[in-house]
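Chain nomenclature is as follows: A, B, C and D, assigned in order of appearance, with residue numbering initiated at 1 for each chain independently.
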Amino acid sequence: MVVSANIPLGSSHFLLKFTHKEKLPEMLPGQFVQVRVDNAPGVFLRRPISVNFVDKQRNELWLLVQKVGEGTRKMSEYKTGDVVNMLLPLGNSFTMPQSTQSRLLLVGGGVGIAPLLYMGSLLKQQGCNPMFLLGARSADGLMQIDDFKQFGDVFITTEDGSAGEKGFVTQHSILQQHIDKIYTCGPTPMMQAVARFAQNNAIECEASLENKMACGFGACLCCVTQTQSGHKCVCSEGPVFNTKELSWQI
Amino acid sequence: MVVSANIPLGSSHFLLKFTHKEKLPEMLPGQFVQVRVDNAPGVFLRRPISVNFVDKQRNELWLLVQKVGEGTRKMSEYKTGDVVNMLLPLGNSFTMPQSTQSRLLLVGGGVGIAPLLYMGSLLKQQGCNPMFLLGARSADGLMQIDDFKQFGDVFITTEDGSAGEKGFVTQHSILQQHIDKIYTCGPTPMMQAVARFAQNNAIECEASLENKMACGFGACLCCVTQTQSGHKCVCSEGPVFNTKELSWQI
Amino acid sequence: MADLKIRIGELEFKNPVTTASGTFGFGEEYTDFMDLNRIGGIFTKGTTIRHREGNAYPRMAETPSGMLNAVGLQNKGVDYFISSIYPRIKDYDTNIMVNVSGSTIEDYVATAEKVNELDKIPAIELNISCPNVKQGGMTFGVSCAGAAEVVRAVRKAYSKTLIVKLSPNVTDIVSIAQAVEDEGADSVSLINTLLGMAIDAETRKPYLSTITGGLSGPCVKPVALRMVWQVAKTVKIPVIGLGGIMNAADAIEFFLAGATAIQIGTANFIDPAISVKVVEGINEYLDRHGYSSIYDIIGALEA
Amino acid sequence: MADLKIRIGELEFKNPVTTASGTFGFGEEYTDFMDLNRIGGIFTKGTTIRHREGNAYPRMAETPSGMLNAVGLQNKGVDYFISSIYPRIKDYDTNIMVNVSGSTIEDYVATAEKVNELDKIPAIELNISCPNVKQGGMTFGVSCAGAAEVVRAVRKAYSKTLIVKLSPNVTDIVSIAQAVEDEGADSVSLINTLLGMAIDAETRKPYLSTITGGLSGPCVKPVALRMVWQVAKTVKIPVIGLGGIMNAADAIEFFLAGATAIQIGTANFIDPAISVKVVEGINEYLDRHGYSSIYDIIGALEA
């Protein structure tokens, strides 16, 4: 894959766009890629990053990345034209709703909004009207809002109240309305709070998990999460799980 | 140190020029630097490289480098403006001749010519007329010939005869003439042949060795060479040795 | 094109490149990336008599040039393997060898007996690095007596090629290899993981749920090479070398040290097609150096 | 500014950062790069009763995230140390500790006795990883009996702080630490190097003249941390941790695992001023986390 753009978003995030000389394989919303980060002595394993968006016309893949350690910092230095080795697409995907009439809420926190953009685009394309509820520490941490707006209504919370409603996503007033299904991705405590809300209100809920991975394709059994039917691999049996399946103490 | 130029010389060598915002410390001919090669996962230790030339006016240090492995390959990618961490200057130095009338021959092979350029420049500056005998596989491996010519007569051998006299340096006709002292640097077998010639003809001979180093400043005792007085550190008690001192079987 | 065929006990391998237990699933996980029929063999995920859930998450930590794992032998048990996995993989044209693990001698024997019935499984690899429940958690593999005892019992129950995988966490791996050879093992494979640990300085917590875990990857290669060299000099049975092999050059080093075959482990995670590339690289090396057979370089270290 | 002072036996250190034997010469090699008075202590190059030439060149090989060395205790002998080196270094304001090595008990004892006379050397570190000539080359440090024997003898001859440096090439480092503690050691330091090997695939030769050598650097950190944690849980004497420490975060990990002090070895080669930077980094960490003393984090792993 060849870097076609690297766009800084605030101080700690960036958007990478890649093109490929061959046609990109079909990618499903919720799937991820395993990036090999070269020339970074502290980085031994690949780094899993969600598919943020696929532009089929341009044969383009987007990754939205937060700088947290040496691997993602190295990725933030990628320049247009750099060639990056990645395995893709990996993992399962969010499931499409039964009906286009379903009231769907996509709840993202921090960089966890990444897979929701692609999911939202496909929902919109299939005739749904998804709503997005996006949370961040402060206004500075909100990203891709204009992109999300192309596919549905966007609701916002920030912990400091600098944009949208003040508080956590689970405190947003939109949750008062009727919802049929929630798709969520973000920090685990946030997803657990969302799952609890969904459970209490008998709403279907799918969450995309971010466990630590070695292989990314089901071979090492490092990335497991505890489920009702025992340990499951987040990389190959996930990353998307129906929250009812998970053994979360919520 | 900041890279001010990176000039490819043939397919496997390159010349790096560095400047420094502070005044460079005094460097002696035969001394070397220890380069920390960042962003190269296979490179753990620093890489020793000889001082090739010091341009005091420009506050500039030159390193002549051959690509042999990951470290030197990474160095070959340095760009103007890159900041490189190095320890310098390290090691002892060639000794100046007793008299400016001495007939001095500087014999270099391959990338071993590197320290001879700086040595030659200082000899010339002090009023000597050094001669250079430079050997390579083929014409393609000859470097910096014009630079050497500024400081004295240049004689050449190539193994394939594509430039200068055909054969090894020790077969060159210049060796028929009277010589008072030889300074040499290059592959060990070449230096041993030169040392043998010097011994047979009662010529003083100093050789600059290139043992494998971990620290470069006398702390680890990894880089030793066997001498008449036991193991000596090539990094701190060398790299330059009078060949009489060495326990070479010649 | 040099001759890459090798033999371990009665068993012939089309080439000496195999994949290490626990890093290659049951092979199926890799079919998107490579052609399994092109490698010499596959060592399956560690298989136990009963289903095991393995350890709690987190099970993995990255370390300098390597990783720690604490998977803890998660597997669905040998019966599930026989009924559900074996039928899917048995017809690959490569040697599929089951890595047999256990916490008691009886478990090892029972598992080996079941695998002995499977036509298309020509060998097992006995992983004697699992904790010995009866003797208070010390692993069988760290004493000569323990290693000998389990191999003796399994040897009686298992009639095909028996490979015993040795733990590197010992003072003297050579005497353990000899003990195992004396009990009739057809081969030893080494090394299993080095016991290690990683801590997050900021949170003051260990990275693994089990605190300590098994170290693998290029960081362990110098230790693995040393042990392979020591063991291969001493035992008469063929040695299978592994530990940190990332490319063909690493593999060649193990052959020179005395390994008859090699396994590729952690490297599969970074390049899932690496094992086929290593086969190609070995072939290229042999051709370039004018060797006609892989046996020309086995134990050929000039020391 | 947290309190960095620690004690090992009777001996106080201004801070817990020291430099490892064989990687720091006698300190003098580093004075161009840093102020020796700012670190807690220096462990000298291994010193033996007589002059030793060490092993033949080559003695070093780079490995993934580490290096192998086969220096072989090259040193000019304890008498030379006393007459020529000691006078030059004795007035540094840091603890200078002599690393004492030997091949027989008599050699260890004789060397320790001589160092005992030096006013400004408050401690020795007994390196029990050298081959035991009398018992056929096995090192004292790999058996409890061997370790106990040498420590017992040296303890009688040496009255100041006695630190015993343990080999990691053992099945059970905890019982060796206990054996050494029982004989009156004031502290144990661990780990010495892991025995490893490196081969040049192209030339088919080992990289080291001795074929095998000692592995050090970040690659060994997971093993070192694990051993420090196991030993610190068990013995009552303070543990000095080392193995792959490259920066302050690595050092913190060793304190959390239970080390009272740390040593920096191979890292000195890559950044000769690293030990002072680690002192600063530890201080910054303690301040940032609101600790007033280094003792607040020693053994504070939340496991």
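We adopt the following convention: contacts are C-beta pairs under 8 Å (C-beta built on N, C-alpha and C of every residue); 3 or more make two chains touch, one makes a residue touch a chain.
All figures in this text were calculated on a predicted structure; none of them were measured in a lab.
Asker: Just tell me the minimum hop count from subunit A to subunit D, counting one hop per pair of touching chains.
Answerer: Shortest path length, in steps: 2.
Asker: How many angstrom lie between the CA centroids of subunit B and subunit C, rounded to a whole number?
Answerer: Spacing between the chain centres: roughly 48 Å.
Asker: Provide the C-alpha centroid distance between subunit A and subunit C, rounded to the nearest whole angstrom.
Answerer: Distance between chain centres: 36 Å.
Asker: Please work out the Cα centroid separation of subunit C and subunit D, and write it as a whole number of Å.
Answerer: That gives a centre separation of 34 Å.
Asker: What whole-number Å value describes the gap between the mean CA coordinates of subunit A and subunit B?
Answerer: 56
Asker: Touching at least two other chains at once: which residues of subunit B meet that condition?
Answerer: Correct list: 41, 43.
Asker: Please list all residues of subunit D that touch 2 or more other chains.
Answerer: Within subunit D, residues 63-66, 217 contact more than one other chain.
Asker: Are the chains arranged, by touching, as a line, ring, star, complete graph, or other?
Answerer: Topology of touching chains reads as a ring, each chain with two neighbours.
Asker: Would you mind giving me the full set of chain pairs in touch?
Answerer: Going through each pair of chains, those in contact are A-B, A-C, B-D, C-D.
Asker: Flag every residue of subunit A that touches subunit B in the complex, lowest number first.
Answerer: Result: residues 38-41, 43 of subunit A touch subunit B.
Asker: Where on subunit A is subunit C touching in the complex?
Answerer: Per the touch definition, subunit A meets subunit C at residues 36, 42-46, 87, 211-226, 230-231, 236.
Asker: Across the complex, what residues on subunit D touch subunit C?
Answerer: These residues of subunit D touch subunit C: 63-66, 68, 142-143, 169-172, 194-199, 201, 203-206, 211-212, 215, 217-223, 225-226, 229, 244, 249-250, 252-253, 256-257, 285, 297, 300-303.
Asker: Using the touch rule from the top, collect the residues of subunit C that touch subunit A in their complex.
Answerer: Against subunit A, subunit C makes touches at 22-25, 29-30, 32-33, 45, 53-54, 56-67, 69, 71, 74, 217, 266, 268-270, 272.
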